[in-house]
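Look at the two complexes coming up: chain A is in both, with chain B in one and chain C in the other.
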Partner chain A sequence: MIQSIDYAAIAPPLIVAVAAIALLLADAFGASRRVLGLVSLGAVGAALVTVIALALGDRRATFCLTGDLRGNGPPSCSYVTDDFTLIFQGVVLAAALVVVLLSLEEITAAGARLPAGEFHFLLLAAIAGALTLVAARDLVLLVVALETLSLPVFALVALRRYDGVASEAALKLFLVSVISTAVMLFGISLLYGVTGAMHLDRVAPALGRVPGDLEPVAAVGVVMVLAGFAFKVAAVPFHFWAPDVYQGAPLPVTAFLSVVSKAAGFAGLTIVVALGLPAYGHVWGPVLGVLAAVTMTLGNLVALRQRSAIRLLAWSSIAQSGYMLAPLAVGDERLPEAVAATVAYVAIYSVMNIGAFAVVIGFRRRAGAPAAGPAPSWDTLDDYRGLARRNPATAAAMAFFLICLAGLPPGVMGLFAKIVVFRATVAGGATWLAVVMAVNTVIALYYYLAWAARLFAAPSGAAEPPRMPRGAAVRAAIGAAAAGAVVLSVAPQLVLQAAAAIT
Partner chain B sequence: MDDYFGSYLVVVVLLLLGCGIVGGGLAANRLLRPHRLTEEKLTTYECGVDPVGEGWAQSYVRYYVFAYLYVVFAVDAVFLFPWATVFAAPGFGTTTLVEMFVFLGFLFTGLVYAGRKGVLSWV
Partner chain C sequence: MSPGHYLVLSALLFTIGGVGVLVRRNAIVVFMCVELMLNATNLAFVSFARMHGNLDGQLIAFFVMVVAAAEVVVGLAIIMTIFRTRRSSSVDDANLLKY
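Coming up: the complex of A and B.
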């Protein structure tokens, strides 16, 4: 009757969750900000080490159905650490490590106005949710993990209580999230009603033999389940929270939303459609295709008009979501290849986007700009003019991240990610989507390159060209992201082969 | 399908009857009653006491934290009741007992945090 728990399998989220509670108590009993930040960093690092250790060992699964409940069916484990899970847990934790590094100065520094203990508690709770989400293989655990990821983020966004922009952003995020969760839960209830199962390895065969008069119900359920994940990855029409929230939230939280939360959302979406709903590929395939096309087109067109660095990154990450969705548009035809393409793109996107955010955060902290000030004072693209003269290394890193995001050589990893996505999309027969993607890639070149060119342009007269801060943590974060980007550009097969191996 | 929706006809009739009784009563009252207003009749009725101050008043919701904490423990009780009915049954036992105390430990952590942050002391 009692499920046995494999503690080794659940170690990564367990370490992070226990550390979160320990931090909350430590803060209540008056630990210093510095200690809190270091414990948080250590917990994420320890979880990353366990993920690497798990990757070297056997594949594990836990919380499986027991005895008579299982019957003669499939094993039905709720929590599975297979290659897919481990890749995503690695991506989530590596990105989370950079986010914590970035927050050390932005939030944890003495004199900052944000509560450090609560910040780290909420951040670690959200990371634990992301780690569970990518390992979840039944609908209930997926929803619970998705909410564990979402709920702390509302509070994190609203943490700058003295700032009206932050409160507005948090409220928008909350409302969109609640609506999409409600729609998704309704969809899950329909799927459960049709199939009588919650574990994805039981839902999938049951959906294959749905009686004719229930097929519309199942199709509606499938589309509604996609809604919850479309919110998490900021796909149109659930995208409009992204620019305001990215601008209103503390910047490390923005980086978290744009990388960790998005990667986990894509993992959840991929798990559900590939493992649970392959029988309805003819329904969700075209839906995701249209979503991808609209998302990338709208994201790129609006990004063209942005003058603020954060908003540009927000719209660009919406557009990138479109590319990541595109391979899944093939439906159940050549699905493994499509999943591999999406996984590879998400992993590569995480490296380059967290790097771009690290530079923007370091840039914001320069010249006495308050770390948590009321309005971004150095946030327009023109402020980046002349960065290369004062800080050649940082400007070079930023230019490299932007070129990777655009997908041009020498940013080979961005280029390869796009090629993999193109190949999977064309191979699956969605040629029209590949054409839309090609047009969008060209549009995106303009704003990425315009920003990169500004880094090397002459400073615009009046304003003193900004100097990057001395902070070691931000520099370490930029350095780590840049090192990852260079390594993956020299050897993109590291990610591509790992992604191809999962299926 | 006709039968299915037909069975709701009773509900609709009942609804119309109810509206008719309430609406008819109020309308009859309005037609029959004398209509002589005085200053005192027009004041807001506040349980018979003379109304004091404006209609728009602000109060300090000091007790909202206690409301939150109450919700936490009410939810906790929702889990405790089904647990209490099965934990002694064969097949459960010590593990089940320990699991519930782990869960209670999490709740207690929240209470300790709230206490340390000073929200439990009445100002």
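Coming up: the complex of A and C.
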């Protein structure tokens, strides 16, 4: 029996994957860097247009079980483009567009010596993995997509191969990642052993009627699966790769890791717990609750003592992971509301964090810092003093991103994201977690505002950092992120309603 | 032999791999231990597939093999670059990035 494939449904990852291979070939035939960059940009843009077209049309599903295999069970489709998938594909592609824009100048820079063809190929391959991951509804596809997302990123981190820091960062990321993949696969094998199914819509009912003596096996399987995703979203105790890798990797790759890769990780986690494991909400709910509380507290406390901009963003994005995990701590109680809160927070976080990274990249690139090193110049927070006098527009954008991350007005979108998460957490009966979150929000105010205040302070008098870049691509990236942040702050209901509609 | 024996063997292999990852200091050996964990997973998948009488478990075993092969390719390349710059493949020597 031949299975029909709905090519319209799989168009976004397909376009990106085909473009990736075309880029690799074009590079082999000596295409110029400019052409490669434009093709890469065009492919991500085309995929974004396809996602919007899919969002306007019917909801689709493909790679479904047919005939005898299906029996009387649920449809069991491996690849589904529902509202959840489309929101995440939109977020991933929009963020990827900004990352490609940021990398255009980074890899052509005289001192960088990054191979352009490989860079764009690996970046597009990772994006294709992320797009597939958010649409996967079956454990096999989920694992393969997660690896398609992870493996190119290791190579991207290590791409500056003459540089000891970059390869060390890549080694740390690689070892932690493959170990967590192995643990997650063992967890999946236990779940498969207990249920005999791989499709999430078959795993869920089977888990509901597990015989009593097998319940501990299923519970261990659930916890091991969570471990794999906890690594991807940099939740404590799988967080320690994040600051080192963020610092060692080329900066556009760092932006990719902290936004695209994290959003896809959260999508995968949400898919697995909400669709596959609702019967074990009493197991993963408290586990995720404790993880969320520890993650946000540790992230914020360590961020307080950071002096380097990149490491501060790394710890702050660990802390933000804690906020995103918090709604899921309610377990199977009021799950749809919790999923909507997590989706809304991830979407809003992506906009503000990619904006902050765009400014940092623009700032450091122009400053002519050595491409890397244990303590690169123009990376400490004090270097940002007086930015408002030299580049008022960039400083205003940065201040706005930081205020959004802190969740203060006028950064209304950050505020709304936090409120939605609070409401879902309290409604689900995890009041203690809401209290921990409130305390953490106050701690985080300090370092976000201290950075924002430096932008407007008088210059420190020491060597003046040069002006911000004139490069059109970095400016376009900052402008796009700032426009997104302003639109969502004026009308946060755009995201909140879309997220509420998925359930 | 019942599938149970294979599952015990798989759990043992996974544990050996896990302990190896934690105690060994050479990046190559750590990496080999990860491969051992992945193969333990494959054994568990195949035994469960035999228990349930369906093919899903055997199918994912193939995908795990492909994933493991891809990981070897990327992983060895990274260890090579580390070795070239540092003349050592011990994970204790990877100490440029801290705090």
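In this text, the second predicted complex is superposed on the first by the 487 of 503 C-alpha atoms of A that agree within 3 Å, B and C clash if a C-alpha of one lies under 4 Å from a C-alpha of the other, contacts with A are read in each partner's own complex, and residues count from 1 in each chain.
FYI, contacts are C-beta pairs under 8 Å (C-beta built on N, C-alpha and C of every residue); 3 or more make two chains touch, one makes a residue touch a chain.
Keep in mind that this is a model prediction, so the values were computed, not measured.
Visitor: Name the contact category of A:L24: first (chain B only), second (chain C only), both, or neither.
Guide: Only chain B; A:L24 stays clear of chain C.
Visitor: Quick check for you: in the superposed arrangement, does A:I2 touch first (chain B), second (chain C), both or neither?
Guide: first
Visitor: Answer with first, second, both or neither: which of chain B and chain C does A:L171 touch in the superposed model?
Guide: Only chain C is touched by A:L171; chain B is not.
Visitor: Which partner does A:V439 reach: the first (chain B), the second (chain C), both, or neither?
Guide: Neither partner.
Visitor: Looking at the overlay, what does A:G193 touch: chain B (first), chain C (second), both, or neither?
Guide: A:G193 contacts chain C only, not chain B.
Visitor: In the superposed arrangement, does A:L304 touch chain B (first), chain C (second), both or neither?
Guide: The answer is neither, since A:L304 touches no partner chain.
Visitor: Which chain, chain B or chain C, is in touch with more residues of chain A?
Guide: Partner touching more chain A residues in the overlay: C.
Visitor: For chain B, which residues are in contact with chain A within the complex?
Guide: Listed in rising order, the residues are 91-92, 95-96, 106, 109, 112-113, 116-117.
Visitor: Which stretch or stretches of chain A touch chain B in the complex?
Guide: Touch list, chain A to chain B: 1-2, 21, 24-25, 28-29.
Visitor: Show me the residue ranges of chain A that touch chain C in the complex, using the header's touch definition.
Guide: 139-140, 143-144, 147, 151, 154-155, 158, 161-165, 167-172, 174-175, 178-179, 181-183, 185-186, 188-190, 192-193, 196-198, 243-244, 247-248, 311, 374
Visitor: For the complex, give me every residue of chain C touching chain A.
Guide: 7, 14, 17, 21, 27, 30-31, 34, 37-38, 40-41, 44-45, 48, 51-52, 54, 56-57, 59-60, 63-64, 67, 70-71, 74-75, 77-79, 81-82, 85-86, 91, 94, 96-99
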